[in-house]
Every structure is written in structure tokens, then in C-alpha cells.
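So that we are looking at the same thing, I have put the structure below in C-alpha cells.
Chain IDs A, B, C and D follow the sequence of writing; residue 1 opens each chain.
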Amino acid sequence: MDLNYGPEYDEFREEVRLFITENEGVNLGGSLRSSERIDWQQKLIDHGYFARSTPKEYGGYGGDMDIIKSRIIAEEFAKSPIPKPMGGQGIQMLVPTLLELGSEEQKQTYVKPTLRGEIIWCQGYSEPNSGSDLASLQTKGELDGDEWVINGQKTWTSTAKFAQMCFCLVRTEPDAPKHQGISYLLIPMDSPGIEIRPIMQMTGTADFNEVFFTDVRIPATNIVGKRGEGWKVANATLAYERGSLADPNVMMNRMYALIDLMKSETIDGERVIDKPAFRDRLLRIQGRVLALQSNSLRILSSQINKEQDVTLARFILKLQGTELRHDLEGLAIDAMGELGTLYENSPLLRDSGSWQMHYMYFLGLIIGGGTSQIQKNIISERGLGMPKEPKVQEA
Amino acid sequence: MYFGLSEEQQSLENSIKRYLEDNASLDTIKAVAGGDKETAEKVHQGLIDLGISSLLVPEKYGGLELDMLFASVVSGALGSGTAPVPFTGTYVMAPLALSLAGSEVQKDYWLPKIAGGERIIGIGLSEFVGAREDTAISFSNDTLSGRALFIIDGKNADAFILSDKAGQLFIIDADDSGLTKIELTTVDKTRESMELVLKKVKTEILPGSEKNQDVINKVIDAGRLMLSADSLGASQVMLDKAVAYSLERKQFGRQIGSFQAVKHMCAEMAAELEPCHAMVWHTAHCFDHIPEEARLMACHTKAHVSEVGKQVSRTAIEVHGGMGFTEELGLHYWFKRIGLNRQLLGSPELVREEAAKIQNFDQSPPESQRTKEAGNPLLV
Amino acid sequence: MDLNYGPEYDEFREEVRLFITENEGVNLGGSLRSSERIDWQQKLIDHGYFARSTPKEYGGYGGDMDIIKSRIIAEEFAKSPIPKPMGGQGIQMLVPTLLELGSEEQKQTYVKPTLRGEIIWCQGYSEPNSGSDLASLQTKGELDGDEWVINGQKTWTSTAKFAQMCFCLVRTEPDAPKHQGISYLLIPMDSPGIEIRPIMQMTGTADFNEVFFTDVRIPATNIVGKRGEGWKVANATLAYERGSLADPNVMMNRMYALIDLMKSETIDGERVIDKPAFRDRLLRIQGRVLALQSNSLRILSSQINKEQDVTLARFILKLQGTELRHDLEGLAIDAMGELGTLYENSPLLRDSGSWQMHYMYFLGLIIGGGTSQIQKNIISERGLGMPKEPKVQEA
Amino acid sequence: MYFGLSEEQQSLENSIKRYLEDNASLDTIKAVAGGDKETAEKVHQGLIDLGISSLLVPEKYGGLELDMLFASVVSGALGSGTAPVPFTGTYVMAPLALSLAGSEVQKDYWLPKIAGGERIIGIGLSEFVGAREDTAISFSNDTLSGRALFIIDGKNADAFILSDKAGQLFIIDADDSGLTKIELTTVDKTRESMELVLKKVKTEILPGSEKNQDVINKVIDAGRLMLSADSLGASQVMLDKAVAYSLERKQFGRQIGSFQAVKHMCAEMAAELEPCHAMVWHTAHCFDHIPEEARLMACHTKAHVSEVGKQVSRTAIEVHGGMGFTEELGLHYWFKRIGLNRQLLGSPELVREEAAKIQNFDQSPPESQRTKEAGNPLLV
């Protein structure tokens, strides 16, 4: 066991801190694709603070994969008010997919502008009738000469309104078994025939959209992998998405914020944290947070030390992380009592309403990206070796 | 012996539910949540016509003089439909406070107007239950000063009943020049919340509450019971919707309601919810007929139903998958209503602590010889 | 709503109390079938305090069914140290079954001595490979002339060691569908070929047994109902067993005992009940107990007022009751801390070790008589109208 | 950076597990639980030969001078097999107390004998953690008097280390004429418990603990960590057994492990248990290398693993159905071991309260500006 990163990394941390201090005043303007933001992305890439291990030829920094440096960067950026590198599904899911399975032309065309924030992507996976059973998706793609013609509907598509491109699962081989009939297509969002309708959520915001495709035509070459291999292409990145929903560093920050909240809120003049029934709930949450944080150290270690097997430790992340966050935010609401129900721009609102927002948002995350029930199926089947749901006789 | 609702109670429940189905559909709720006050007022008036304003007002003041079980039934029905109308404060707590502690003049003036649906009285007892920030209301020289948060049914109120820390009840006019009303926005858009700031606002005490906490306690018991019934009504609807959705929705070629995981989620909700119905009735019955047990039952009902409601409202949304999270399906109106009820008049931890005090846990020695039960219970 | 029983019942209660006072000194001796105990059973029957609605001709009191009187008797007996009427599976399950479905001769032969405690019965339902899936049972009964010949094994048979008779489910029609091949047989326990082996449990006691049948011969007439109808015969009483595992009166008594315990146990001189984290747990339990008690009043009411529908309120009883009792007993253990782990005849033992005993025993009851998973199946299918588990394709 | 067990640690874990499989099968456990002391002693001796007694003793006293992570690994392996041997008290807490606070003479005398497995030292700190009944140990005139409950590893002990309420540590001889030993019977028959009654028992203080609670706190941290590791090892075995049983057992023509309800019960156990492994390692690492975080981590680990263990031990038995409840299958040995560990050195509520004190929740103001995080997290 060794939790030291070593002197090389201490130096690196100093370097990152210096960069942050030098750039503290940076202002990116309001809009998503402002030139200031694109310049900032590029600056981060140039310093190796973003897209660190992506090859230079595709617009990355071209350094070695170094988990610890990545972690140091993440930690130092998290502590500072400096703008974080851009995230989103294009960067987190599409770029790794293209680098692994895309054609040379696709890598050349898309990776660099995506990393620079010039192209924003959205994900076209779920459909109204294909949620947990994603592979049953029905959006149809037919080859007509050298173009795909796409018809159908996607849903739960975040960022569709800002996106220039969509990476999309489409059924192109209707006669093949359901997992083998899907292709992974890249669709420009300004193609004629695309209509976007926002989905208003319980949080009061519309973070997701329905996207309708009517005779949308894209070049036949806009496919990643072969026809019918879309399920395989998508699956690597799905796994990534699941893990990223429950970052333990964010969890720790929220826990400290909760402790502060409970120290400052009072009931009849007594601090909530001094009320033992609330305090005991806080401590239960804290114990769970610490356990997950230790778990994440183990996962980090496995990225550095490839021989470590952390299969189960990974499989449980999404289930545990989202449920714990929901519980944590819920405790904050109880700690505030009636004040905890305030929302939007209400007078007396605490912390911009973030507790309620996250309480609901994490209920959404318990569901999204594979519900807790799907997670438990995965844990039991792939983690514990228990049987899959048996095939049901047709009635 | 009969433990359950009477025919009249069931019929009142049904008529309110039917009224809400016909006049306060989800689209209406959405409109009201979006600010459509006219529609809200129409729904409110329709419910007044069904009697919700006169339920608890004594007959001599023009009311129906029904009991708390009736009121629970109404509150449950309103919760089922997340009805965007005042009730717990103005039609339960206010007439109760006035009946129990008002002077003859106060009763003569207010009760008929409440019964007739002509006046709204907001209720602000949060500072007595557990004051947040530095809020407090103090009485001197026939005036009230201070701050009060989370007035129940304060919107459009003609008057407010507030209490000082000693639990004495006061009534003030909503138009007093010393009074500032600040609208608070909560997650629950079906009801409205408010802060009051008072600077020497002219007031009258409800004389029966002078140096006597029995009245305020009873008013709070009734309020907690109403909030519990409301949450229970809302929770039951969420379960019903979850079951119905699970039978409609197919994934993997099957109704999702045929998956054991989904079945068990629904079974667990039902197992928790079903006893809550009996508990709410029982507490109402105690309020009406076994007063010595009413406070403990009211505290426990508030806490227990709040906990069950929290779990049910979350699980019902999970059963709906992504759709459960949308404005379109609107499940969140029930979720948020249960969420606000949980905090009003004391969140579970606070109310349970009160239940402990009621039982004198802090003072009393063990009461009985403990059961020595052990061994093989199979033959007994 | 009316929780008063009325003046007729107040009088009845007085009468019961008088009886109890007059009989306070009664001593039944140690053994199960002592003549004192049999006399006591008979005395209770004669007064209508037991077997109240069983017809006189079969040894009962012959009164009308009166739920309130039954409840008054139960309440008053529960409060006093007087010996309770005997229970057990013969009285609770076999007698009602015979009264409903038995032949005249069977009623004449068995009901009276069972009520008097002269015949103790055991139940032969579960088998090692037929637990939750009871209807798959394999113990075989073949008709040989005018005798059934029984071979096989039963398990979880309580009271087998004391029992004179066993009511037993046996597969007599091996070619019929599984639910239609079972018969309900009455087997004398002194028949040659019966072997009993106690099952030692985690509680340290052996409340159950395995019973082995090897060429056990009983008269052909020892069948209740027709051949192949045993599943139907058994099912009415199974429902009864499930409800009886979670008596809310006993629950209330245990809760008061728990409150007393928490008032008398101390940590560093401070009473456990004065420690808010423990107190809050107690109050959560109390809330659940009160909810279940209200639920049971509703069920009681439905027995008097037949039009009341309490289907769901009944289905949830076993699940809620056993889990709540387990949690309640578990809190007592935590309240005692290390002292809560004491058992058997240890020095410093509290309440004869009943908290640990019941903590484990109720874990057994969560499992026995239909596991919590089976209960949830029942609640969802029969209570909420959700689909049964679909038939699985043979692999 | 490497977060995990070293090869040596894994190999030690495996060798202890293998030893227990070969020499302390369930039948052996049953025999020991039934009173077979000879077998218990044989198993104990075998484990001494594998090094459990010398783990923490410094090399200069003949020990292996390994760290707390090694000790956790051993404790987990012992819990896996519900090994009926002393460990936490005599081979972890005692050598630690002596190393940290013993005089040279005490160390020279005791440590080599502990390392060699020649002496057992029982540990009685329950009165410092939270005294039950009227127990207390007081020191005067070089003697100890009072009562101490739930001595860890007290059976066959040659000496005991006890503490007064101030947390000072004392060692006494087990044969002192002022000492009465009363055997306590707990549910867990794999280990033994004891009450001590002391009447002016001759004693020596461990001088480093004089007016210094750092030592006793560290000893308790180590004890709590060992109990957590033991419970975790036992819980993991219960889960493994449940999964294995669910694949063997058929009902309704299917492996019960193919039912979603059973799968999800196992998944929930795994989801709770898996992070506990990392948590135990992490706490051990803090103990060894980041002492300022060790107490908080030890408290939380004890409480959290106890809660998870309680849930897992119950659920694993449920998965086994009726068989889970039998002596034959013997699952209850693990269940009860986890049950006793939960209470030793502080039950979860007590230990969490201690975690709050360590963090000065009772005094300190909010430390940081709270995160203002809100809005759309999708693009960040």
C-alpha cells in the first residue's frame, strides 16, 4: 500500500498550481462556443491539462497516459474557481470511441474540433420504447445510394439544442438478431428533417430532448465500425458513462458542504448539527461516503497497476454513488426543514437551491444510464456470476 | 365496533375525488403551477361548494360541524389530486383555533365567513414548532412584532393566526400597515408559501389560548394529521400510477410489471402504505373521541407517513423510469407535495422528538415488569 | 368509526376478569398432556373462552362466532399470568380444516380430543426440496388395498416429537399436474416406519424436525377431501398461518418492554433512552408498531363488518409484522450493547435472553411460512393485480 | 501509488485461509462451540506457527514487526473462518499497548512471550468506551479495584490490560488473589467473554499511558479496525455462501439464483460489501502512515462495517431459506460473530458519536464557503 505519488508528482502539482494562479482571472464569456472558450480549451491542451494522452496528430497533447497526473489536474482544478476543461458526451464518449474504432478520416475530422469545443455532440441512444431494453431500438437507417436515410425518434438526448453532431444508434439490419442489427452513425444536427423538442423535467429545467428524424440523409461513410456492429461500438463507452455519474471527489465536497450547512442552520437557536438525531444521520452518510472514497482509490490504483482486479468495485459505483448522493442531498433538505423546500429564486433560498436540485437530479441519475434495477442485474450476473433472466415462453 | 369510514365519509371522499378528476386534471395543475390564478380560484370555489370550507365550523356558525375523520378524508382526497387550493390552514386549523379559543365576538365574526368560503385565514405556527433563522413573534401593547415563516394558506388571506413562543394565539388583519408579506417559492407549486414581517401590527389574542398551550397543541395536532392525510392520498396515487404504468410499459418483450424486481418494489410500497390508511383514521378517531391519545398518535402519524411517503414517492418515480422524471407525466407534483408536507409543522426527527417528550421518556422510570417471554412459542 | 364494543361487551369483560381472578392459582404441571392441562382446556371450553364457536357435538362451546368476545378473552388472558388456552397447528389449522372439509367420522374422531389437548398434531408440508415451491413435494402415497403406503421425507415439522398425529401433504397421483396430484392425509405418529430427527437451529433450540416415512401404512379412510384435492384443502389454513405470525398485541407488549429496557439500561450512567440516536430509533419503531396496530384494528373490524374489504391489509401482515419484530428485537440488543450479546444462562443476562432469542427467531419467521420474497409475490400478484412470474422456456 | 494488498499480504491471507479450511472446518467449529478445548488449542497453535502472535511485536522483541494492514488481513482471514482463537486483544491490542506505553521492563518481559505465543493477555477497555451497569476500574496505592466487562481474549489469559476512566492503562496478573473471573456466555461460541471483579489487585501502570489518552485511543482504534476486518471477512463469506447456495438450490424448476429477487438481494449485499474492503485497507494504511486521519477512519469503519455486516448476515440467511436457520449449515456462526463484533468496543451509535467529537462538530463554526453548485451539470 502506498498512497504517495512521489516527488515527480509533487513537482507536477506545483506546476499546475502555478498555471492556475497565473490564469485565475480568465473569463470565457457566456456562450458555449465562444472564441475565448475555444482558446482556453486549446491552452489547456497545450499545457497537457486536457486531452493529455490523445495523440498530437488528432489535436491532443500527445503525452503518456498518466492517471496520477490526470488526478492531480482534476484535484487542483476542482479546488480553484478557474474554468474546468469542457466535458460532455462528445469528449467523454465519442472521442475515445473514435480513437479506438473510428476510421482515420473520422479521427482527423472530428477529434480535434471536439476537444477544442468547436463541435458539441449529443448522444442518440434511448428511444421512447427502448429504455432499459436499449437494444430493442427501432430508429431506422436505410442505405440509399451513398447516403443513409434515417427515420425515427430518440429521447433523453442531452445537449441536443447546442450540438452540431449526434452519435446515434440506428437499426440498419432489420432482419438480424436485435443486438446485431444496429449501426453507430454520426449525424450532423443541421441536417434537414431533424426536429428537437425539449423534455421539461421535475427539476424545472429541460436538460434532455426528444429528437425526431424524418428522412434525414447523411453520407454513407458516417458510420463507425461496420454495419450491424453498432452495439459493440457503443458498449465500451456506455460502461464509461456509468462510472462517471458518481465522482467521489464531488461527493466529498458535497459532504463538507452538508456539514457546513448543518453547522449554520439552526432550530430554536440550536445548530442542526447539535441535534443528535440529525447528526447521527450525517455520520451514517459520512461513513458511506468514506467507504466509496476508499473504493475509488482502489479503482484509481487499478488504472496504474493493471494487474489489480476491481471488476466488482467498478460495477457497484453507479448504484452506490447515485443512491448515496440522493440520500445526502435529502438529508440537507431535512436539516433545513421548511427552508429546505425553497427553490428557484425564492427569498431565503440556501446555496442557490442546489440541495433540492441535486436531490431530484440524482433521483434522475438513479434511473438514467441504467436504472438501479439494471445495475443490480449487472452486479449479480457479471459481478457474482448469477444466471441471466431466463427466456420467457411466449404466452 | 366499526373501524373504517362511514358511508357519508366515503361518499364525500368520492365526490371530492370525482370533482378533482373532472376539474383539476393534470393539465389544470400544470396551468396553476404556471401561474393561472383564475383557474385555481375556480377549483377552490367548486370545492367550497362541496363543503370543504364549512366542514369543521360548528352548526351555529353556519358550518357542517363534522369531525376530524371527515376532515382527514377530505385532506386525503385533496392530496390524491394535488389540489391547488388552501385547506389545512384556513379550513382546519383556523376554525379549530377560533372554536377552541376565540371570544364570542371573534367566533361570530370569523366562523360564518370561513364556513361560507368568504374569508381565508393563513396560519403561521412554524416558530412555535421550531424557529428557523432568528424568527420569532412577540406580543406587547396589543401589537405583534417579528417574523414568521411558511405561513400555511397565506396567499390571498384576509387575516393570519400567529403564535408567540409561549404558544398563545393571535389574529391579525392582512391589511395592517405594519405587515409585509414576502412570497416564498417552494418546490411545490400547487400551494403557496409566505414569510411575514411584522412591525407593531395591531392584534387580538384568542383569549382561550392565553397562558394555555392546550389549544395550540390541538391545532398543531390537527394540522399534522391533515398533512399526513394529504401525503398519504398523494402517495397512494403514486403507487397506483406505478402499478398501472408497469402493466402498460413493455421492455425486453414483457410488461415491466412482470419483472420480480418491479413487482417487489410495488409490493414494498403497498406494504408500507396500507397500514398508514388505518393509522390516519385511527389518529382522527383519537382526536375526536380519545383525546388523551391524540397528540402521540398525531406526532407518530406525521413522522411515519412522511417517511413512508418519501420512500414511496421516490420508488414510484423509479418504477416509471425516465418518464417518472418528466414534467409531461407530472409525477413530480405528487413527489413535491409529499416533500413539502414532510417539512411543514415539523420534519420527522423533530416530531418524533416531540413524541418522546409526550411520553415523558426523559423523566419516567421503567413502568412495568418486563415480559419474561422466551423459549418455544410454537405451542402457545 | 366506533371503537366501543358496547355495554354487553363490558359485562362480558367483567365476567372474563372474574374467571381469571378465580383461577389465578391454577397449576398445570409440567407435561404437555397432563390431566391438569386437559382439565383446564375443558374448563375453558365449558366457559366459552376457547373453541367458542365450535359446535358442541364436536367438543366445542357451541356459541356464535363473536370476534369481539374472542378479542376480549385474548386481551384479558394476555394481561394476566393465567395459563393461555393451548394453541398449536392442530388447533389453529387442522380443526378448522376438518370442520370445513372433513368427513363426519373425522370430525367425531379428532376435533374434541384435539381441542382438549389430548391429541397434539404436527404439520407435514415442507420437504427438503420443496420449500417456497411447496407444490413440488415428492413424499409418495400409494393405495395398497385399504391402506395408504407412505414413503418420503418431511422437514420443518414442529412439535413432531410430542405429536400423536400428523396432517400431511402427500403425492398420491404422480401423473397429474403438480397442484392436482396431492392428497391431505392424517397419519398416526406411532405408525411403524416413522423416524424423527430434530433440526438444531441458530437459536440453540430444536423447534423443528425432519420426519422420515418408510413404508408407513395408514387406513385408506385417513384422507381429508378427495384424492388429488390436498392442495386445495391445505390452502385455506396456510393463509391462516401466515396471519398469525405477527400478532400486534404481542408487538405492543414487546415495544413497552423495549421502552422499559431502554429506561433501565445505562451507558456511563446515562440511560440509553436519553441518548437521542437510540431514542430516535425507538420512536421510528414505535411509529411502525402503531401503524400496524391500527391496521389490525381494521382487520378486526372487517371480521365483524363483513362488507369491509381488507385484502391488502391482510396480505401485508406477515411481511410487515415479522420484519418489524426482527428490527424491534435488534434495537433492544443494540441498546444493551455488549450485554445484548449474552445468551443462554449467562451471568448478567437480561430478560432470560429473550431479545436475542426473538431477534433470531423472527429472522426464522421472516423465512418460514412463506419467505418475505414469496410474500412480496403474493402482495404484488394478488393484492395489486400484477402478473405472475412468466413461465420459463426449458433451456 | 498502489492501493491494495502486497503479495506478502495476499500470501499471508491465503495461507491463513487455507490453514483454517484444512484445520478448522465447520465441524471443528461446532466441536469447539460444544466445548472441545483441545481442538481449539490445536487450531490456535497452528495459527501461532503461521505468525499471528508475532505480527505486531517489534523485531527486537522477537516479533515480525509488521504493520496494521498485515494485521487487518489476518483478522479478515480469521473472520472468514470464524476462527475460534484469540487475536484482537492478545495479538493486536496488547502488543500495541505495551509497545506504545510499556516500560522497558514490561516490554522485555511481555513482548517476546506474546510473539512466541507463550502468553495470552486479555484486554478490558469496555468501561472506557462506555460503561454498562455500575462498572468502573479505579487505581489507588498500586492496586486496581472495580469491575470490568467483556474482556477480549480473556480466556486462559495470563494477564489483563485494563484502563481506568481517565484512559490510563494497567496490567495485572491473572492469578492475583483479589481477582475473580466470571465467564460470560454470548451468542458467539467461537470466542469467549469474561467479567472481571477486582478487589485491590496489584498492578503496574503502563507508564506511557499516564495522563495521556493517546495510547488508549490508538489501542482502541486498532481494536476497532480488527473487529471490522473480522466482520468483513465473515460477511464476505456469508455473501459467497449465499450466491453458491442460490446456484445449487432449485425451486419452481429453476435455480433460485435465477430469480430477480434473489439476484438483487445478492447484488445489494455485494454493493454494500465491496467498498468495505477498500475502507478497511485504507483505515489500516492511515493507522500506519497517516495517523492524523486514523481515529476518524477507525470509528467510521467500525460503524459502517457493522451496519453493512448486520444487513448482509441477515440477507445471506434469507437467501438460504430455512436451511440458513439451521445448526447443520452453521451459517449462524458467522451471523453471531458479526453480531458480537458489532457491540464490542462500541456499537455503531456510540462510535459514530465519537466520530462527531473527533471532528469537533460540537464546537466549530462552518469551515468553508459552501459550494454554489447548481444548474446543468451535463456539460461540465
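Worth pointing out:
Going forward, a residue touches a chain if its C-beta (ideal position, glycine included) is under 8 Å from a C-beta of that chain, and two chains touch if they have at least 3 such contacts.
Just so you know, these numbers come straight off a predicted model, no measurement behind them.
For subunit C, the chain with the farthest CA centroid is A. The chain pair B-C and the chain pair C-D differ in C-beta contact count, and the higher one is B-C.
Rounded to a whole number, the gap between the C-alpha centres of subunit A and subunit C is 53 angstrom. Centre-to-centre, using mean CA coordinates, subunit A is 39 Å away from subunit D. Of all residues in subunit A, those touching 2 or more other chains are 275-277, 279-280, 373, 376, 389-390, 392, listed in ascending order. Looking at subunit D, residues 254, 259-262, 264, 349, 352-353 sit in touch with two or more other chains. If you check the complex, the residues on subunit C that touch subunit A are 275-277, 279-280, 390-393, 395. Contact residues of subunit B toward subunit D in the complex are 259-261, 264.
The part of subunit A that touches subunit B in the complex is made up of residues 126, 129-133, 136, 155-156, 199-202, 265-269, 275, 277-278, 281, 326, 330, 333-334, 336-348, 356, 360, 363-364, 366-368, 371-373, 376, 389, 392. On subunit C, the positions that touch subunit B within their shared complex are 1-6, 32, 68, 84, 86-88, 158-159, 162, 205, 207, 253-254, 256-257, 259-261, 263-264, 273-274, 276, 279-280, 282-284, 286-288, 290-292, 294-295, 297-298, 300-302, 304-305, 308, 312-313, 316, 319-320, 351-354, 357-358, 361, 373, 375-377, 379-381, 383-390. In the complex of the two chains, the subunit D residues touching subunit C come out as 126, 130-134, 149-150, 182-188, 193, 195, 250-254, 256, 259, 261-262, 310, 314, 317-318, 321-322, 324-328, 331-332, 335-336, 339-340, 342-344, 346-350, 352-353.
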